[in-house]
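Two complexes come next, and they have one chain in common, chain A, joined by chain B in the first and chain C in the second.
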Partner chain A sequence: MVDSKQQWKAWLYLAPAIVLLLVFTVWPIINTVRMSLLENYSGLQATAGAQFQFGLGNFLKVVRYRQFTQCLKNTCILCFLTVPISTILALLIAVALNSIKFLQKGLQTIFFLPYVTNSIAIGMVFAAMFNIVGSFYGTENELIVTAGIINNVIEFFGGTHINWINYGSSYAANIFVMVVYIVWNALPFKILVLLGGLQGINKQYYEAAKVDGTPRRRVFTKITVPLLSPMLAYVVITGFIGGFKEYTSIVGIFGETMGPPDAAKRLNTMVGFIYDSLSSNSQGRASAAALILFAIILVVTLINNQVSKKRVHY
Partner chain B sequence: MKVVLQNLTKIFPSRDKKAGKEVVAVNDFNFEIPDGKLIGLLGPSGCGKSTTLYMISGLQKPTSGKIFFGDDDVTELSTENRGIGLVFQNYALYPHMTVQQNILFPLQNLKGADKLSKEEMQERAYNAAKLVQIEELMDRKPSELSGGQQQRVAIARALVKMPRVLLLDEPLSNLDARLRLQTREEIRRIQKETGITTVFVTHDQEEAMSISDMIVVMKLGVLQQIGKPQDVYDDPANLFVAKFLGTPPINVLEGKIQGGKVYIGQEAVLEVSGAEDQDVVIGIRPEGFELAETGALHCNLVNVEVMGRDVSIVSHHPASQNASIRSIINADHKTSVGGQIVRYDLKPHKVFLFNKETEERIRCEVK
Partner chain C sequence: MSDTITMKEKNIQQVSAAQKTMQILVKFFTYAFLILMALIVLFPFYWMIISSLKTLAEYRLNVPTFFPQQIMFSNYAEAFTTASLGQLFYNTMIVGVVSTLLSLVITVLSAFAFARLEFKGRDTMFGLLLATMMIPGELFTITNYATVTQLGWMNTYRVLIIPFLVSVFYIYLLRQNFMQIPNELYLAAKVDGTSDLKYLWKVMVPLSLPTLISITILKMMGSWNSYIWPRLVANDEAHRMITNGLRNAFTETSGDVNYPVQMAAVALVSAPLFLVFVFLRKYIMAGVSRSGIKG
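And now, the complex of A and B:
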């Protein structure tokens, strides 16, 4: 125990951090809860002196919104597709990287590049790659020329081009592009964490396995993966948390329409919904949606923790 | 299975290409490990013991030389096909598996004709566990075991495949003193029971002497001497071996051979025949001293330590290379030690003479 004379010093040193936390974290959270519980709360009207009743109306409204269910669906689909895919890919790449000596440093840098590149910029590049026609809007007189490199490749091998993201593109094609893009974006961090984990595994386990003539597949499944399980749990949990907050990646590819021109908002996400509510001055609704998102992330993380308690070794 | 090493050499290339020079970890080893014996590979840290062991195991490839198991040349054979069991210095038990899973693991890798049924595997694992007396601990994880128990699991895992050769890399160095004593006897018992040719690496001479059928003493990658522990102790080939074996260590003094006598300082302590006059280094085992009123060797008394069975006398002599001379005298001889000076006679068979430059043993008759 620190004796009481010294205690004020401890508080003094902690004060800057506590003040910042109070102002920028604790107060906003309290305020969010307050706003979500005031019926139809609007910041603009509040400053004009309007009074709001207490109630759960905001939450009911949010849940009943068709736009909200669509956002929830999009978010979940993207999450449950991209987290497993990116984790497995990252694991394979990390293991491969760890097993080579030559060029390891160089390749590591290359794999890490997306992490330090602006995701909107990457999004624009992806949009260009998946492009199909000369123009975005699909008006009658527009010339259809294949422009995106993906479609060029498909046509080179004799396939017909696919409308990925332009006017009239299908929901499935849109989701496919988003999955590719999000996975691509998520890889570097996961590879980095898993590679770090791999390099921390004692080489003697592998020598012991070698003495016992363990086949490579079995070494991977029975030794590498279990010994890496704490890192795997970490990337999965942070992956889900990040996935439920997906927003910028959609903007990166589709712009603020959050969908192809003929189906704006089709790919909107939970965070997108919150931003929309804010921009239409419905802070009550936005707060309610934010709390719902928080609850979902909390539940998913708790489930993840439960699963990893059974699966994560030591 | 007898194991033969022929001109075995391992050179590690230097890491730093400009300045560093390559490391000759093992230099031209030739020796034969007889079938069913336990041999102790002994030497100070960094002398190439582990490297030798890893080459026998196949985890490291020799730079040159050959390794035979029986009459088979296994130099090019991969580790898993050599039929060896290896116990690592820090055990390398898989931390996420139970004791049972750890022991079963090597069996589950067997393929083709060697493949075992589930029941056979269980039985073999149980027998191995029983041999090392851990059958009660089968469901524990390694982290829930003491060092000594982990050690046993590692041995069980190495034995369960019924290897032709068992290799142990400093298996006792992570244990506390009492457990070390107990476990080394255990290893001896297991080796006797199974009759597996065993190589036991250690830097602790007492450990090697106490359980080995044969010891191999190494220094800086070069083999110094091979033989039964007692023979090597009684007849060291050079000063290094003489110094390395024995607790308390041998006393080393400077002296000379002149006219058929061995001199320490001005004192002629022994007679010698068959050696030319020269400066020598004299090694005297602690038990090589005898108190004598008329003894030739005069030492300045520092201290007498009574240890029950024996008495240990610490003294100084100007010719001594060690800080002090330690002799061990049987306590039965109620010899009272008093005054400033102790006088000793020396037992000729406990005194070794070494060339001052080469530190090789001078073979001659000491009386």
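And now, the complex of A and C:
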């Protein structure tokens, strides 16, 4: 009676969400798998009435595609550099913040500030900081007006300026700029989560360590890190998931060319590859790439969970 | 005998003195490290603001100035017209406000159903919903692009609003909050003959206001920062969103660029986010850190 009334009421309340999810979430999952398994599937040709054969061709093509390997390489390099760097830095900052009283709230606010920014907009600021104004073409008669603030600082300390993002810049320099920007962007969330974890640790552990006269480093490795490990694991997993989906931060610095003017697409990522395939109307290829991305994220998450199970102390 | 005691006391005093200096040193380095990192974090904002106020000639000086010699507010006016920021702000506000309101209604109703009502397959369905959170959004985009094309929604406000109205994460967040409200309240309301919707509006919503505010802010920030989807489906003058407009108006990032105007535009786009942050920091941080608990 009441039960059956609750039944239809529940479905009524859920109806808007269910309808939207069916159209924009469930159908896409099914359709992506379907398109990825149809050889050379293209939306444009499909509407014209073309038939496609069933097969694994899209996946093989994507994996053999040189652009894709480049994208995969870029994504992995950025991921494996930025996640450890930002996690360690965030841990140090969080521990330091947790140990002080004076200025704690103010500093905490400052460290959270990059979270509320537009990654395209602030990417443009970073581009301005690393840019050599006046260097376009790498020709001899180019007119360098100023080397940019980062290079000014390097020159101030007696170094020579580096071509970070301009015409003719090296791949390593490009990656360096991206790592700096991505780490800057990733810090706030990690600091927030880790500081929250630290503040939740029972003070008694530290009191006990103090009574025993345990040195600081041991307190850090034997108390702080183990008790913080669930938070650390969470921050690392979300870091990897976000890292494998890197795209807009590169657009912010390099624009849609995804690389310096003379090497367009050099910094393209997996997500960038999917969108490129989509705009060239190769939905089969895009779907295969998206499923590969999903598989990678799934595997990384599972590995992380497996490692956490052994290492994380709850 | 007394000699050895004084020796020991001296030792202890020395040790504690050494510990004191050690403590002071540690404090000093902690603050030095934190302040240095804070300066690094803040520098891009500082550089954005002072660059946006410089003349082009001053920006291009070989030795940079750290405070503008002549303050050029005209850069802001120029940025506003160059990027036609007025239209972009308007478009983004419409999409942000409408999608937030609709999204809140859907989220509240769904969270209520999952938290309070009993129906067949509730837990299975909730589990399935949570599972979709694992899937990268790009996977949906490919098909959604085709769907909205077929629906004839290209270059409309609809296409920017409707596909993202349901967020499983928000439903999850609000459901957790609803579950904390004692069920007795609901049963009492039923006895009094209060309707579900009235109960929702009078009891559940006020009690979970902080979560609802967090969701509102996160959703608005999402609209403000969205880039990929709007660029794909609504990149015409009349519906273009702020992030796209900014990127389109200033395509050059390296080389000889009029940075003061570009930085002024960036500052204008960033300003609303900062205002929201200053006034609603508590809710943003709560919303973001609570997303940390789900792991």
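Operating definition for what follows: the second predicted complex is superposed on the first by the 286 of 314 C-alpha atoms of A that agree within 3 Å, B and C clash if a C-alpha of one lies under 4 Å from a C-alpha of the other, contacts with A are read in each partner's own complex, and residues count from 1 in each chain.
The rule we apply is simple: a residue touches a chain if its C-beta (ideal position, glycine included) is under 8 Å from a C-beta of that chain, and two chains touch if they have at least 3 such contacts.
Because the structure is predicted, anything quoted here is derived from the model rather than measured.
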Overlay on chain A: chain C relative to chain B, clash or fit: fit
Touching partner for A:214 - first (chain B), second (chain C), both, neither: first
First, second, both or neither for A:258, with chain B first and chain C second: neither
Partner chain in contact with A:11 - chain B first, chain C second, else both or neither: second
Touched partner set for A:227, first chain B, second chain C, both or neither: first
Contacts of A:294 with chain B and chain C, given as first, second, both or neither: second
Which of chain B and chain C A:29 touches, first, second, both or neither: second
Touching partner for A:94 - first (chain B), second (chain C), both, neither: neither
Partner chain in contact with A:120 - chain B first, chain C second, else both or neither: second
Degrees between the directions from chain A toward chain B and toward chain C, using C-alpha centres, nearest 10: 70
Residues of chain A touched, compared between chain B and chain C (which is higher): C
Smallest distance from any CA atom of chain C to any CA atom of chain B, in Å, after fitting: 7
Common interface residues of chain A - those touching chain B in one complex and chain C in the other: none
Complex interface listing, chain A residues touching chain B: 202, 204-205, 207-208, 210-215, 218, 222-223, 226-227, 229, 313-314
Chain A contact footprint on chain C (complex, rising order): 26-27, 30-31, 33-35, 37-38, 40-42, 44-45, 47-48, 51, 59-64, 105-106, 109-110, 112-113, 117-120, 122, 129, 132, 134-147, 162-166, 171, 196, 221, 224-225, 227-228, 232, 242-243, 246-247, 250-257, 259, 262-263, 266, 269-270, 273-274, 276-277, 281, 284-285, 288-289, 292, 295
Residues of chain B defined as touching chain A within the complex: 57, 59, 79-81, 84-86, 88, 90, 92, 94-96, 105-106, 108-110, 141, 143, 157, 161
In the complex with chain C, residue positions of chain A that touch it: 3, 6-7, 9-11, 13-14, 16-17, 20-21, 23-25, 27-29, 31-32, 35, 43, 89, 92-93, 96-97, 99-100, 103, 107, 109-122, 124-129, 131-136, 143, 145-147, 149, 152, 165-167, 184, 187, 189, 192-193, 196, 216, 230-231, 233-234, 237-238, 241, 244-245, 247-248, 251, 253-256, 260-261, 271, 274-275, 278-279, 283, 286-287, 290-291, 293-294, 297-298, 301
